[in-house]
Amino acid sequence: MTSDSNNLIVTLSGPNQPGIVHAITGALLRVNADIAESKQFDSPHSGTFFMRVQFSTDCSVQDTQTAIADVVEQYDMDAEVYDAAVKTRTLIMVSKDGRTMNELLFQQHAGTLPVEVPVIVSNHLDLQPMAYFYDVPFVHIPLIKHADGTDNKAEAEARLMQIIDQYDIELVVLARYMQILSDELTRKLDGKAINIHHSFLPSFKGARPYHQAHDRGVKLIGATAHYVTADLDEGPIIEQRVQRVNHALTAQDFVQRGRAVEGATLAQAVQWHTEHRVLLDGDRTVIFE
Amino acid sequence: MTSDSNNLIVTLSGPNQPGIVHAITGALLRVNADIAESKQFDSPHSGTFFMRVQFSTDCSVQDTQTAIADVVEQYDMDAEVYDAAVKTRTLIMVSKDGRTMNELLFQQHAGTLPVEVPVIVSNHLDLQPMAYFYDVPFVHIPLIKHADGTDNKAEAEARLMQIIDQYDIELVVLARYMQILSDELTRKLDGKAINIHHSFLPSFKGARPYHQAHDRGVKLIGATAHYVTADLDEGPIIEQRVQRVNHALTAQDFVQRGRAVEGATLAQAVQWHTEHRVLLDGDRTVIFE
Amino acid sequence: MTSDSNNLIVTLSGPNQPGIVHAITGALLRVNADIAESKQFDSPHSGTFFMRVQFSTDCSVQDTQTAIADVVEQYDMDAEVYDAAVKTRTLIMVSKDGRTMNELLFQQHAGTLPVEVPVIVSNHLDLQPMAYFYDVPFVHIPLIKHADGTDNKAEAEARLMQIIDQYDIELVVLARYMQILSDELTRKLDGKAINIHHSFLPSFKGARPYHQAHDRGVKLIGATAHYVTADLDEGPIIEQRVQRVNHALTAQDFVQRGRAVEGATLAQAVQWHTEHRVLLDGDRTVIFE
Amino acid sequence: MTSDSNNLIVTLSGPNQPGIVHAITGALLRVNADIAESKQFDSPHSGTFFMRVQFSTDCSVQDTQTAIADVVEQYDMDAEVYDAAVKTRTLIMVSKDGRTMNELLFQQHAGTLPVEVPVIVSNHLDLQPMAYFYDVPFVHIPLIKHADGTDNKAEAEARLMQIIDQYDIELVVLARYMQILSDELTRKLDGKAINIHHSFLPSFKGARPYHQAHDRGVKLIGATAHYVTADLDEGPIIEQRVQRVNHALTAQDFVQRGRAVEGATLAQAVQWHTEHRVLLDGDRTVIFE
């Protein structure tokens, strides 16, 4: 055990069984956990038990893992122990529009978003100056279509994967990165990549969705932040927000207002993820706000 | 001309042309219109001019129609003149769930929704007591499937049409009336029937949409009030609202919260319609709030 | 122990100490509690521990009280055990405006608000028909100012208190009851009476607040549902909501929109209270939504 | 007349009189105005007529002023003619917190906020790097309290006034500039300075308002953007927004969420002002969104 006080977070999930909370809290007593916040949810949907406990202790992450190991095994749970002081190493991917990245970097810089951003990747150069302003290395991975119809997509993904490894990236945030990731990469990043997507009532498929929504005269435009899965724009939803619009606004106004909602929605989703408040219940999320 | 002061509303739409507002306001001077509220919108989308003017005058609706007739013809406009004191004769159609009808009837009774409800039609008897509490005749038109596979849908619609004529109905509000109207009836009610529809991000097709939304773990549920068209749930949108939900709520909780949003959304749409604030711009609405 | 399965709720609060959750969940194992929902919060503000546990068990409320008694005493906690199937006996008090009462009674009738309303009290007769429609006894306690300057306030409160006792009232909801309760009555109803109050940014003191807000040109109007304390309109806040307004609306429109927000806000506060989701942390509330 | 097409905006206000719209639109015909958007409001509150017309014309601002001069005089109106392509010259004043300035500068840079920011003034140096990133000169005017109890406030304001003149400033935005302006400066900037202010239900006076709101357990925090008047935090309200909070958030979390709302609220107010959509009706604003 260390002599310093640590602020730790434990997340747990597994089949719901009687006695599970008693067993966990008993195990946490062994590391003298002084519980600050504890939330539990039993999904009637899936029969799964979810728990998040935040506590101070003079023990380490590893001590805590050891202390709860028996209970975790006995109840067949997935368990993670995090040090709340350790910021999630986050790769931001962007294309040309900087609204969302600006929101993330400002909040990170101001200390209100607990992430560390060691590198930014983009298929364009437009946002390099903003990356440099925030002292973040910027890697340009252009996507090239060759005259013979082939492209460099495979190489680009390989380069991206190399960067993820090189910088020990724990979370990939697609801050309006306007390219589809391969199935292989998507699977590799399962539960570790968050995308932001416009959302409308009703929804629109295909190109230029804000223009479709404008043609349809919607009164609300919104955004959905979700985990990336192979099924594009269909992963588990983390956060959704909307903004009012009206008939007098142009499609371009819709885009502008939509970007603001997208930025705020994504920043909230990233914050909850990095505070380890999001647990997966199949295709759904449990958010311990 | 009458000697009393009238509170009139004129709505106009037509191809946008220079001088149109000057011409209209000139015509309105002839009836000594004291303009209280005037809103105009030129749709870049369709090139159509829209205007709504509310004013007091000592002239009648007919005097006003005569006064503006030349301008209306010259500029090839659709024009309507309404007496703001005359309430829209509104038929409410319901099935079993009374949340939305309760909202409409309470507001009508309290004088905050300017409609007159001379009759309520339902395919079930559940809401008869509430109709009677508000002193509104209740007509039960059951939908029957016969043993030989035929049904009484045609007769039911004929009966409905008869009621619409008999009561001089100007607006039909489908307050969770869970039946599809025929194409013929839909066309006949074009721009005169408002439906309320649940709305989700993303949207869900098919049965039990609240349960689908729950399975998908959405964080917002909403409602869309729209004009009824032959293309079900796809008419011009009048109003949309949303309500937050979270993982701990059941599908049944979603339904309950959804009903509250549906009621408030529909009441707002009906209010704007009956105040003649909604103009049609193709598939879109212009709302002069 | 009974043989039926009960759905029980335990709420606990007391000085925060290590081991408290482990001790409680251990005690609950003794009644074979199958925990469905558990939430805990440690207030850094006051050093107080709060917990709400909902579970199914084949034991009774009394068995559960017995099972946790030792732990409750050891940790110096306030504890309550409720049967979730038992609806809170609620007295609704109104004056003339029925918007808020209509919301509560409709939801109660529809089964979405878990209250039982055995009686309604009013200082006016206006809402008697609505009470009767919902089959609720209506007691008229007029407030009379005599010619000699005296009034019947003391008798009226005595009558009110008698009704509270007679009907075993557990919660008093002031659904726009436009009279101030005496300090004595307020103290007696501490934590058992909920009021709804308009709310503005900034706030306005004195008469006709909606008109003051209108004069000031506010863009949002809102409502606050709070526990009643001797300090009028200043008790612990349970829920707050707002609605947009604009310059074109009259003060009367403000009132109308305000009433809708007040109704929805109060209904939400009553629901949380009756589901035992509201715990008091000094002047603040902890809401285990 | 010039041969180019101009996009002009006319705003008008004055005592409401019959024929006023007809007269104005007649005058605008003389400059061949093709009206794109026109909004009018007659304040029953003050008896004042307000109008905003946006139109394209081949005439200049000065031609238009000449064309409407007679009507403006006849109806005793205040009238302004603006070229929509000319961006408002805006001075941003800040202290240490950059959240709000970041929002304004990003939107200005992205072209979604039609302002030109020729200079930023601050009493601290913290935000100089961000100003430089956006290529905006940064003037540091420290406020100094001397040992003898005197301060440099008068000199600082003189320096500020000199900058306002030097840069032809048309709008001053106090983006969390944490100093009170003198009465003299406030009068001079009447209708030309916008402040952002936290807002709570109920409101709190005095120091550390977010902490007071936290102590009180509010469920909503908000922001008000308003014109600066001598009566601090009491000028005409342009925009108000709110954000939900809950018991689990710290006072510091309140501050963080409050800053985000403040930034969005101020940016919206500045946008409406610079699009000449805000007209003053005594202490109230008319917003022609």
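When the chains are written out, they are named A, B, C and D in that same order, and each has its own residue count from 1.
Note that in this section contacts are C-beta pairs under 8 Å (C-beta built on N, C-alpha and C of every residue); 3 or more make two chains touch, one makes a residue touch a chain.
Source: prediction; values computed, not measured.
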Shared chain contacts [chain C and chain D, defined touch]: A, B
Comparison of B-C and A-C by number of C-beta pairs in contact, larger one: A-C
Centroid comparison with chain D (C-alpha atoms), farthest chain: C
Centre-to-centre distance between chain C and chain A (centres being mean Cα positions), rounded to whole Å: 37
Distance from chain B to chain A - Cα centre to Cα centre, in angstrom: 41
Sequence positions of chain A contacting 2 or more other chains: 37, 41, 44, 246, 248, 289
Complex contacts: residues of chain D adjacent to chain C: 41, 43-45, 199-203, 214-220, 222, 224, 233, 236-242, 246-248, 250, 281, 283-287, 289
In the complex, chain A residues that touch chain D: 37, 98-99, 102, 106, 110, 112, 129-130, 133, 246, 248, 256, 260, 264, 289
Chain D-touching residues of chain B, taken from the complex the two chains share: 18-19, 21-22, 25-26, 28-29, 32-42, 44
